[in-house]
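Have a look at these structures, which come just after this line.
What follows is a pair of complexes built around chain A, which joins chain B in one and chain C in the other.
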Partner chain A sequence: MNGVEGFMYPNEIALQWSVLIVLYPFITGLVAGAFILASLERVFQVDAVKPTYRLALLTALAFLLDAPLPLVLHLGHPFRSPEMYFTPHSTSAMAMFGYVYLWYLMAVLVLEIWLDYRREIVRWSQQSKGILRLVYKVMTLGSCNISERSLAIDERVGWIITLIGIPSAFMLHGYVGFIFGSIKANPWWSSPLMPVVFIFSAMVSGIAAVMLLYMGLTKLRGYKIDIRCVDTIAMYLFYIFIIDFSLEMLDLIHRIYEADESFRSLNFLVHTQLYIPHILIQICLGTLTPLILLFLTQVVKLPEIVRKRMYAIAGSLALVGIFAMRWNVVIGGQLFSKSFLGFTTYKMTLVTREGLLAAIALTILPLIFLWILVKLLPPWTEKNEHEAIAAD
Partner chain B sequence: MSVFKDAGHLFRFAGLFVLAFLLFLVIRGFVVPKTFGQYGHYRGAAIGEVGAHPIKFAGHQTCEICHTDVLDVKKSGKHAHVNCEACHGALASHADDPASVTPVKPDTAVLCARCHTASAAKPKGFPQVVPADHSNGLPCQTCHNPHSPAMAAGGAK
Partner chain C sequence: MNLSRRQMLILLPAAAVAWKSVLAGTPEDSPNYKMSEHWWGMLIDIPKCIGCGNCVRACQTENDVPDGNFRTWVERYHVTDGDMVSPQVISPDGGKEGFPVVQEDAGKYFFVPKLCNHCADSPCTQVCPVGATFVTPDGVVMVDPKYCLGCAYCVQACPYGCRYIHPEKKVADKCTLCYHRITKGLTTACCEACPTGARQLVDLKNPKDPIHEFLKTHSVQVLKPQMATGAKVYYNDLDGSVR
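So, the complex of A and B:
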């Protein structure tokens, strides 16, 4: 049979989960990672990353709005999707996603952004004109109280929400890993380490994405990049990347040493079909290279411009590496037969509901959401701008 | 009192949540079928609706009332435990009105291959062949009697 080597059960020949299911954990990972970066400033008092605080929140929201779309497109029947809210099945992790998503969207992100921007929203609702004025008026919920005491309450409540948001971000992405990790029939997925690996890889991708967005947008706006801010972000990125890589290697070494009945089949897969996406792209290009670059920035005294370039390259490669990791988990886990006697292939279609163009569109869409959010709720505070200009 | 005044916007936000939740409950009341959850995580009335469908399968006991000659051949062979309608299809309509509903005989070149095509996943002792090599497209009943497939001297009986 075309694309099949050895013996495959009939239901294994065509892959059920396509590139859109690769995209889904990648996007939710960016959400969780971006939020964790925002929480560094809010809860852990890392003042150096303050310039990215609001941008990180807006990035998390933009990607969260996009997150369910690959699933809806993959499943089809979008009008059936509210049924998971109406008749929830509490014993299914997949079915409970709707509630996890809604909790994270409304109770964490929207509320935190609203509280953080309330002072400006009230001001903009009085200064803007036309339809924008109406939008801001609606966003004030009819309350223009921005007294000092009121803002102090907002600050306190916002802090509590961020505190709740950290485990929520872990839950949002941990559950994605849990779904894969709990599939006991698939040895490539079935591992209790999976949720932890997913959380740390999410943090790597989210932090890298916000760092790149901050650097890119600041450059585009003609302001100077706050080097202290990107140095601090890169430092956190480096440490979290080390944990992520250690966990992934622990999983790999454990599999090699344990060498259970699935090992020969998986080993063959990693040396053939998955050699390029797993060994070359994920491990060499997307993990070791950015780790070496970030390591150099930590131990060698480099000029500012070199550091910035290295951060940009390391961040981009980290994103490539994390996407490759999602690809290798989702696609790789479907390429071998559960009989361990055969392999199939995945050929991505181009212009279909689950093809390459749909995946590209769903990757660009959150950037469009972000552009709208940035226009509506500019994340640059007057203080930041002032400091940046002063630094210039 | 001033705490409530200064936290008024938070109550508005909470009110929005309560409103959304009430709206959710109202929509849920309309869209979730009344019998959902009656017996389990499905619509209870579905059981009655499925039960009301006309019966399609007659059951092998019904077939054996008339086709005693086939039963005699079948019970001594390897297919003794394969029910009639597994190969011949659902035939309750034929059992109800044998004169006007006459079932079409299955094409054994296609039918037998469904179970007996060689595959590594099948138990070693299960008879399996590569149909193209084994019979070159000829119907299996040229040599085998489908009701008792073991080869007899002189071919099918």
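So, the complex of A and C:
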């Protein structure tokens, strides 16, 4: 009956959370990860990643603007969603989303980008013509003082905001993990490790995405990729990936060893319906393969061109792996009955509000946002590019 | 009566608000009902259940439950040789039309009616982002359909699978313990329809309710006690294989 195997409680047969809810943690993860990469340069003074600093911030903003859309689109009554701001339920993890999101968007990301670009915005507002001039004028927010002292204050405030931004990024994505990890009714989700796993996997996906965007956009613009920069990013990606994989394996081993009442059911699921997305795509293709590639780049002296290709493959596979992880958490967690006696199947629709086309559109949308942001606020600093060309 | 434009501008919004409250109607009257004097639950006497499905049908009629979803349903367990881990369970169409005749004699068969457990510490109300689902002062877990976002977080949080998203209203829906009936001194539709008295509405705050004597003298259990939800649907003679 309806793709059901064994016994499901009758209300459990249809899945409540679709591919859109898979996208949501994937997108917020990219935001958090991209911001952490930006903070490496700003707070931890890792100069090598400087060429990606602004691009990472813009990437975080582009994906953050997209992040609430899958959630709102999924709601039965999207127009009631502002109630989460006006009458939040204090015991609900989900109710905090609105506040965490607004805090991160307005108090951290937008402010930091504005402070970092203020000098250029003022300059552009004077040099541009037509509608762009008006746009930049509005973006100055009436603050046109670009004296040495004023810029020094911008720098100082920007540093403090980044410092606040790091725990905020952790909060943004850690809380997404908590939404799942705190559901005691669902043993696939219920784990105190869930927020930590989400944070580290977010860092992996965000860093990989910015690395790929930097490499792709630099190539497209006809400039030389700063190999020192991508080498450093790949090194961080490798170490964070190891922590992420270790945490996930710890969770897995713990489940296997404890083998509680849900184990038989979950074990069956992992060996049947989730075998391809979990074992093959998430673990083998999306985790072990990029880890081996990154490991080789760390221990073997490889030519620059080979390293770059390996980074591109490892980064792309890491993104596939993290998306598969989100899929396995969200969809996998709804495929078994809470009676542990049966399984259902997920049938993705194509042209519906929560279908495949909507998901594809919401995946492309942040790239359009990013394109607009990059056009409006070019992240390339001439100094960096001259250095890169000089190094060529 | 001459009304100036200014007076019209003041009166029109006031009239709109008044009309909205007229449309909203007034809550049903239950003049003698005091919420603070009740604490509702239910007793399910498993040996008495014959799996006729009357309760499921009565619930669906009384509460206009959409096809394919259930505020209450009945499961039939088949446990062989003390195999507590993997009992054979069926609930065709929620047991609404009863169950097929048993073919195999080995092992034991019994019916388990299910419904919202109206938990005192309910995980579903805990997770609702706007407080659209709540526990009433008399112990009934309810959903405000005019406030629910339809996010389905409560559906995920219920350990018993008792909630669903209403396919037309797009909000969470569940058993209300026939609140519209019990506040008028009636029993629930499912209890009324049960031919054997396997379902009994109980008021734990009423000292005269026979439930107190029953709980003292019978082996009674709630579903999934390890979830610590404060479930108030009590099962008499519950087999260990039931989940």
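Everything below uses one rule, namely that the second predicted complex is superposed on the first by the 389 of 392 C-alpha atoms of A that agree within 3 Å, B and C clash if a C-alpha of one lies under 4 Å from a C-alpha of the other, contacts with A are read in each partner's own complex, and residues count from 1 in each chain.
The working rule: a contact is a pair of C-beta atoms (placed from the backbone, for glycine too) under 8 Å apart; a residue touches a chain by one contact, two chains touch by 3 or more.
No experiment lies behind these values; they were computed from the predicted model shown.
Undergrad: If chain A is used to align the two complexes, do chain B and chain C fit next to each other or clash?
TA: In the arrangement built by aligning on chain A, the partners chain C and chain B clash.
Undergrad: In this superposed model, does chain C or chain B come into contact with more residues of chain A?
TA: C
Undergrad: Quick one: is A:87 in contact with chain B, with chain C, with both, or with neither? Answer first, second, both or neither.
TA: both
Undergrad: In the overlay, answer first, second, both or neither for which of chain B and chain C A:106 touches.
TA: first
Undergrad: A:118 contacts which: chain B (first), chain C (second), both, neither?
TA: first
Undergrad: Identify the partner contact of A:271: answer first if only chain B is touched, second if only chain C is, both if each is, neither if none is.
TA: A:271 contacts neither chain B nor chain C.
Undergrad: Touching A:183 in the superposition: chain B (first), chain C (second), both, neither?
TA: A:183 contacts chain C only, not chain B.
Undergrad: Who does A:340 touch here: chain B (first), chain C (second), both, or neither?
TA: The answer is second: A:340 touches chain C but not chain B.
Undergrad: Kindly classify A:254 by the partners it touches after superposition: chain B alone (first), chain C alone (second), both, or neither?
TA: After superposing on A, A:254 lies clear of both chain B and chain C.
Undergrad: Is A:74 contacted by the first partner chain B, the second partner chain C, both or neither?
TA: second
Undergrad: Once the shared chain is lined up, is A:9 touching chain B (first), chain C (second), both, or neither of them?
TA: both
Undergrad: Choose the clashing stretch of chain C with respect to chain B from the list 7-15, 115-123, 133-141 or 187-195.
TA: Looking at 7-15, 115-123, 133-141 or 187-195, the stretch of chain C that collides with chain B is 187-195.
Undergrad: With the touch criterion stated at the top, can you tell me which chain A residues are shared between the chain B interface and the chain C interface?
TA: The answer is residues 7, 9, 87, 89, 339, 341 of chain A.
Undergrad: Which stretch or stretches of chain B touch chain A in the complex?
TA: 2-3, 5-10, 12-13, 16-17, 24, 27-28, 31-32, 36-37, 41, 119-121
Undergrad: Hey, which residues of chain A end up touching chain B in the complex?
TA: 7, 9, 82, 85-87, 89, 106, 111, 114, 118, 140-143, 145, 147, 149-150, 153, 157, 339, 341
Undergrad: Per the contact definition, I'd like the list of chain A residues that touch chain C in the complex.
TA: Within the complex, chain A touches chain C at residues 7-13, 16-17, 71, 74-77, 80-81, 83-84, 87-89, 91-95, 97, 179, 182-186, 264, 334, 337-341.
Undergrad: Mind listing the chain C positions that touch chain A in their complex?
TA: Going through chain C, the ones touching chain A are 68-70, 73, 75, 85-87, 89-91, 93-94, 114, 123, 126-131, 147-153, 155-165, 169-171, 227, 243.
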